[in-house]
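For clarity, chains are labelled A, B and C in written order, and residue numbers in each chain start from 1.
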Amino acid sequence: MKKRTISVLLATAMVAGTLAACGGSSAPAEKPAEEPAAETTEEAPAEETAEEAPAEETAEEAPAEESAEGKVLNIYCWNEEFKSRVKDHYPGYEEVDATHGKIGDVEVVWNITPNENNAYQNNLDETLLKQADAAADDKIDIFLIEADYALKYVGTDYTMPVADLGITEDELANQYGYTKDVVTDANGALKGLSWQGCPGVMIYNRAAAKEVFGSEEPADIQAKFSDWDAFVASAKELKDKGYSVVSSVNDTYRVYSNNVTSPWVVDGKINLDPNIKKWVDDSKALVDAGYAGTHDLWSDDWSKGFYPDGKVFAYFGPAWLIDFCMAADTEGSIANAGGWAATEGPQGFNWGGTWICAATGTDNQTLVADIMRQLTCNEEIMTDIVKKDNDFVNNKPAMEAMAADESYGDAVLGGQNALGMFCAGADKIVMDQITIYDQGCTEEFQKAMKGYFEGQQDFDAAYEAFCKAVVEKYPELTY
Amino acid sequence: MEKAKRGKVVSYNKWGYFFLIPFVVVYAIFQLIPLVSTIYNSFFENYRSGLTQVGPNFIGLKNYMTLFTNGDLLSYTRNTMIMWILGFVPQILVSLLLGAWFSDPSLRLKFQRFFKTVIYLPNLIMASAFSMLFFTLFADSGPINSILISLGIFSAPYKFMSHVWSVRGLVALMNFIMWFGNTTILLMAGMMGIDPSLYEAAQVDGATATQIFYRITLPLLRPILLYVMITSLIGGLQMFDVPQILTNGTGDPVRSSMTLIMYLNKHLFSKNFGLGGALSVLLFIITGIFSLIVFKLNTSTEK
Amino acid sequence: MNTENKTSKGLPIGVRRAIAYIVLAIVSILCIIWFYILFINATRSKGELTRGFTPIPSTHLLENLRDGVFHGTQPFVRGMLNSLFVAGCSAALCTYFSTMTAYAIHVYDFKLKKFMSTFILAVMMIPTQVTALGFLQLVGRMKLEDNFIPLIIPAIAAPVTYFYMKQYMESTLPLSLIEAARIDGSGEFRTFNSIVLPLMKPAIAVQAIFTFVSSWNNYFTPALILHKDLMKTLPILIAQLRSADFLKFNMGHVYAAIAFSIFPVIVVYLILSKYIVGGTTLGGVKG
């Protein structure tokens, strides 16, 4: 950890200095990259430390060395989302073709591997492990991560603290606290930044609300769903009129799992949080009463409720679900007609989110830092993202201003400006129980509990099956 | 081959070695080395946790103990065999029937070319794409359910993916559709090798189509039939993509459609070379035993 | 087979023929309908697809092909060339060398013959996935990642194809024919190439199709070995398209891509299938 102290010192020295320091910050990292490829992965960070110290003195010459920055910026991600953000909002980015772009004279290479079968992480892992030996132009510069497995990368030396890039706490003051907590390692170093916040709300069908509860106003509906008991009572009313309260019990999973008081794994042993167990019990009751289905998220059966014939009352999700997943561009869908509305629902929660990380050994530190700054700290650009892409951005003043903006409304929500609701939600999000095992645990838990909900096995057997599946993924765990 | 003792022929026989060289060399490099390293790995604790490599540490037979004691291996072998048999039995029956019809001179079927061409087509679709189609068709709100409901067979959608036997049945059905054309082609290629004069002679003698099938076609087809059975068994034990994609990798309900290779695939997630290696070795042994049984059954009736 | 037994004995030929036609018609529908569904789905837009299946084609085929296949994020045309190259080479090498191996075991009599034939039979039973872990490590050590060699060359040693060739030779290749060639002064290698290979045509065509198709549709190994976009084969590209994110995810594109990638296999199949269904008999060889 000696490395970190020195780096932080170094970074502070530079920021205190001139703009040139920004250019200079790239110089130290440049050195290890030029080292012969003989170093092993483990040794690389240590090596870097040694190289960085003398670099401090040379910071003055930084502008001259700026040209020494890499000519290729390699970005690893699993989809097009970040690419379209960079393309639409990063000043000076020119698209060359689907997987290549240009920023000034730096070539941007998008290495997009889908999430399917864990392919993205497998590919990223293999490349990161070889990072120290890779040629400068082949080294990963930026990679993206999601909350469910963020700690897997944040906890290692393969990700650079953003302080090392010269980004200060002050610059990040407007970001929501939890987006920083997720990517902070055990030693308190911040290792990534996000441009979005993902507070979730309950998105309900206006027509169904009017038919069953006699009102489509968010305040009236909120009263009907203010807590889980009210939720169940209202579910019964919906069922009597032929509606499912939610499409699948998996819809409410994130609401419970984001309000836990203990992590999935405690001291190497799989742990079941009481709130997760509450999800199981509540869901079992919902399924048994016929109030909700057991479909997998994203399946055709699950998304039937995006159309009036699906007879689904509500979905739980953040801004991205509303705008991109509910078939707004399809004629005949509820979203297309602006037939949804948002309300807080029984509990606030967070779902998803993408973080930008700088890979240790990157030869484009200035550029990486600038991309992070522009997309996650620049209020103007971020407001633009809200307006253009309806994303919920990670910038409190921008969001609060938008929430108060009478002229802004989401067409999918029938013109409702739900940003105030999202802002309130984002302030309350706590993500302090995450582990590196969350992704595997979440996936396997939903799969295993399906057997219990559908009555194929009892809870204990389903839980046993879950534990078994988790240990298959993470052999070091016990249960 | 008794001629082999004569000097002239013996000199030809060295060519046997020459002709074997490509196979042996390639096999040794690309199969034998990986196989040996797989076996070697099976005695080590060797996996990756996140980005941290654990092991390799020599742990003897512990991986094998783990696999045997948790008892899953047996049920996955059972699942695999059940789904294979469900698909293979109709497959071989239909293939033989079609083969017999095609080769029956008295039937004189028209459009044979068309039928023979068509039956193999399903095999051209990627298994993953095929499973995707099935998944959509048999979804709770899919077209099959709407047809069944409109016919009045069910009043509510039947959850095909939530019942043990419907999932197994679908997997078997898909394997059947994908592979019966393949089997029929193999059998037909074998049947084409049968001297047509044998059929003509049999017809002249007044044999019925059934007699021709049992007395001439079937016995002469034995080598190809043996081939079909063994390759199908091996393919069956390797069953992976169809149930994997149909059940989204879960082998649900309650892992009743989890096959051996799907289980192996689970260990690839954590790059678990140790446990995965041990499982591979056991798979090898299981396949060997089953193949030996089929082989013995066939050669013993051959006398 | 009992039912068939009864019908064929008791029923007049006309009825049997009728039954055969009905069964064949059902079977053919069962085989073709998938292509129909694929085609229909390839013509439908994202939204239409989420609303369930209809038997009537829609109007978005060109749009799906354009956005999903030709001008999408994945290099599909390049992928098709890669797939053609890998599958074509695999099929050629596999059938040629498997026939050669089978020939060696079938025709010659040498000391290790029994051992070799048992050995190949035994190794045939090893599932490919069993050695996948070791194979991957080997490829890494040989620095053959992002290379077609580990996808093509191993096809030379294909025990399953060998086994078929040998079984086929047993029922159709008379040793007397080879004796005759020797008497005519033909060298062993020439005999194999110019006399045996042509005789094996139906078997070679059958196995060439099988090898080509399985190589064409193989996802498992290429996905482990090929990482560079320009090297990827079609199944990998389709998998990438399928797992695109919610922003871009469009099943219409996926179906269009699948339809696009099935097309060449159908062509290859139709070309080779004439050897299988054309009525070539080997009967004349016997005797």
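Keep this in mind: a residue touches a chain if its C-beta (ideal position, glycine included) is under 8 Å from a C-beta of that chain, and two chains touch if they have at least 3 such contacts.
The structure displayed is predicted, hence computed values, not measured ones.
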| item | value |
| --- | --- |
| A-B compared against B-C, more contacting pairs | B-C |
| Far-end chain from chain B, centres as C-alpha averages | A |
| Separation of mean Cα positions, chain B and chain A [Å, integer] | 42 |
| Between chain B and chain C, centroid-to-centroid distance (C-alpha), Å | 14 |
| For chain B, residues contacting two or more additional chains | 136, 141-142 |
| Residues of chain A whose C-beta touches two or more other chains | 117, 300 |
| Numbers and ranges of chain C residues touching at least 2 other chains | 52, 239, 242 |
| Residues on chain A engaged by chain C in the complex (per definition of touch) | 78-81, 84, 98-99, 112-117, 119, 123, 300, 303, 306-307, 320, 324-325, 327, 329-333 |
| Interface residues, chain A side, partner chain B - complex | 117-118, 125, 128-129, 152-153, 155-156, 158, 293-296, 299-301, 304, 436, 447, 450-451, 454, 456-457, 461, 465, 468-469, 472-476 |
| Sites on chain B touched by chain C in the complex | 1, 4, 9, 12-20, 22-24, 26-27, 29-31, 33-38, 41, 93-94, 96-98, 100-101, 106-109, 111-130, 132-133, 136-137, 141-143, 146, 177, 181-182, 185-186, 188-190, 192-197, 208-210, 220, 223-224, 226-227, 230-231, 234, 237-238, 240-241, 261, 264-265, 268, 273, 276-277, 280-281, 283-284, 287-288, 291, 295 |
| Of all residues in chain B, those that touch chain A in their complex | 47-52, 54, 70, 72, 136, 139-142, 159, 162, 164, 248-250, 252-255, 266-267, 269-270, 272, 275 |
| Chain C to chain B touching residues, read off their complex | 1, 4-5, 8-9, 13, 16-17, 20-21, 23-24, 27-28, 30-32, 34-35, 37-38, 52-53, 97-98, 100-101, 103-105, 107-110, 112-113, 116, 120-135, 137-138, 150, 153-154, 156-157, 160, 162-164, 167-168, 170-172, 182, 188-189, 192, 202-203, 206, 209-210, 213, 217, 219-220, 235, 238-239, 242, 258, 261-262, 265-266, 269-270, 273, 276-283, 286-287 |
